[in-house]
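For reference, the structure discussed in these notes is given below.
Which chain is which? They are A, B, C and D, in the order written, and residues in each are numbered from 1.
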């Protein structure tokens, strides 16, 4: 998916935001998508703390951090009711959307559109809405900090056109 | 509760054991009770991995490790259906019982009988069924290893009587 | 020192490089200076592993990582003979220079020129030779990765002039 | 060496104790010997912090913790002058002896007597002066805590004789 336009999110319910988020209206900003499942140990131990750290570190800059709960197994065990308590107990502060269930299969729709193979996954989207990073598993803090900073350093072509 | 006889467990459902456990039939062994909630970060990050380690380290000896899911908040979020997936995803192998809900209050019955104030909690019960350690929060591995070993080193008075 | 030109290094002996390094000839590159003492626990546990990671992560880019052994206490205990064994045992691969002893005081000369107050310290120097980061103590990996990346993203004014 | 009487220590210089230690006068106590080199990363990162923890945890009991600096490589780099600064900087509080250099070979004499193959190594000696644990490399906190506790729980045969 690297180099391709980021598909729009398909979310049934949001936490930690009063207004639903969509990628189109975030054009011009760097978007960090972290997809997870609340009962995935790698997400709890590494992915979510790292995402929380990204959201704090780049809070004052043009970075929007979004978590997506992409449940593809144990669906009954990870309902939005359980997710809400999970978000509260782990003190997650960034916006988190519940991915829309797949029709006739276990993989939810945003996860399928992004061709993600599991959790945790990380997707970085540049100011033009293009996917620049697309990975599964643990990511190194220093590497991710550098990648986000480089995307931030890229000029916003929309702004350039306006100048 | 230290120095007092350990109250019997009050469990509605067991995982990781084909037969229900009760303390009376474990007399003569050292019992390690770890009480937790599946959405309690301190349990997931520290208490449960430590309990798993205890169960591996003392597997060949007279030690019985028991987890008890003492849900006292977010009850709908931590149902047995969610717990079962949690146990599977985190690879927990020791017997885990679901504490019986309290009647008219949030605290479940075994948790109340042991006067536990939250999760994670750790209770060590000696070969005679007496509570010897009763604490809440993170415990040090070396300290707990030493305490369990000292309880193991105590003679079983029942065996002594038989000799 | 932030915003000021980086003083030249004053080094009596180099390890891990066949030719001495000087900042003037590194103009156009981003320079990461890590100052340490081999018997400083914070350096061994955090600063040096982080510096090693920086040198690996940015190896293919315009980043030069330099360690400087700025001994300001226990001078007899941290001689170059001991440092050489330390570098070998810890597998450090980036160039490391021994700071020139101060004349009549404990603080060595490069450390004094940079007004560093202790170890570990981290200095980031941009492509123009200007100090952009100047700190003592533990630094966060994600933050440092982002700062180095932003310095890399800055155009080299020399190159601009040539275009 | 397990099951054999512990050879006497052969120490040229002590730190953190005003009187030299010898095993014979420690009979009746459990002795924890940790052998290390100050430039051995595994000692610094794991072995010495664990030994420090043992000395704190069992401080009020019949446990004597002794560190031995068994230099078998980089001898010039790890002189007693360097060791003294190392002990100070890392805040080590337990008695540490410098092993006597070997005659005509690199291995020092206590290390040779105990047939130790490197650092870090851990030796546990029971109340009768018998070696009960003899290992090289990282040891698990819980396992070591349990082993020391079991040695503590063993009666002192000298005391038994007196009863």
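In this text, a residue touches a chain if its C-beta (ideal position, glycine included) is under 8 Å from a C-beta of that chain, and two chains touch if they have at least 3 such contacts.
For each chain, UniProt lists the protein as follows: A, B, C, D = Redoxin domain-containing protein.
Quick caveat: nothing in here was measured; it's all calculated off a predicted structure.
> So which chains are sitting against chain B and chain C at once?
Chains touching both chain B and chain C: A, D.
> Among the chains, which has its CA centre at the largest distance from chain C's?
B
> Return the distance between the CA-based centres of chain A and chain B, expressed in whole Å.
Result: the chain centres lie 37 Å from each other.
> Determine the centre-to-centre distance between chain A and chain D, using the mean Cα coordinates as centres, and give it in whole Å.
Result: the chain centres lie 51 Å from each other.
> If you look at chain A, which of its residues touch at least two other chains?
Residue numbers touching two or more other chains: none in chain A.
> Among line, ring, star, complete and other, which one matches the pattern of chain touches?
Basically the chains close up into a ring.
> Once the touch criterion is applied, which pairs of chains come out as touching?
A-B, A-C, B-D, C-D
> In their shared complex, at which residues does chain B touch chain D?
Answer in residue numbers: 50, 53-54, 57-58, 140-150, 152-153.
> Quick one: which bits of chain C touch chain D in the complex? Just the residue numbers, please.
39-41, 44-45, 73-74, 76-78, 81-82, 84-86, 88-90
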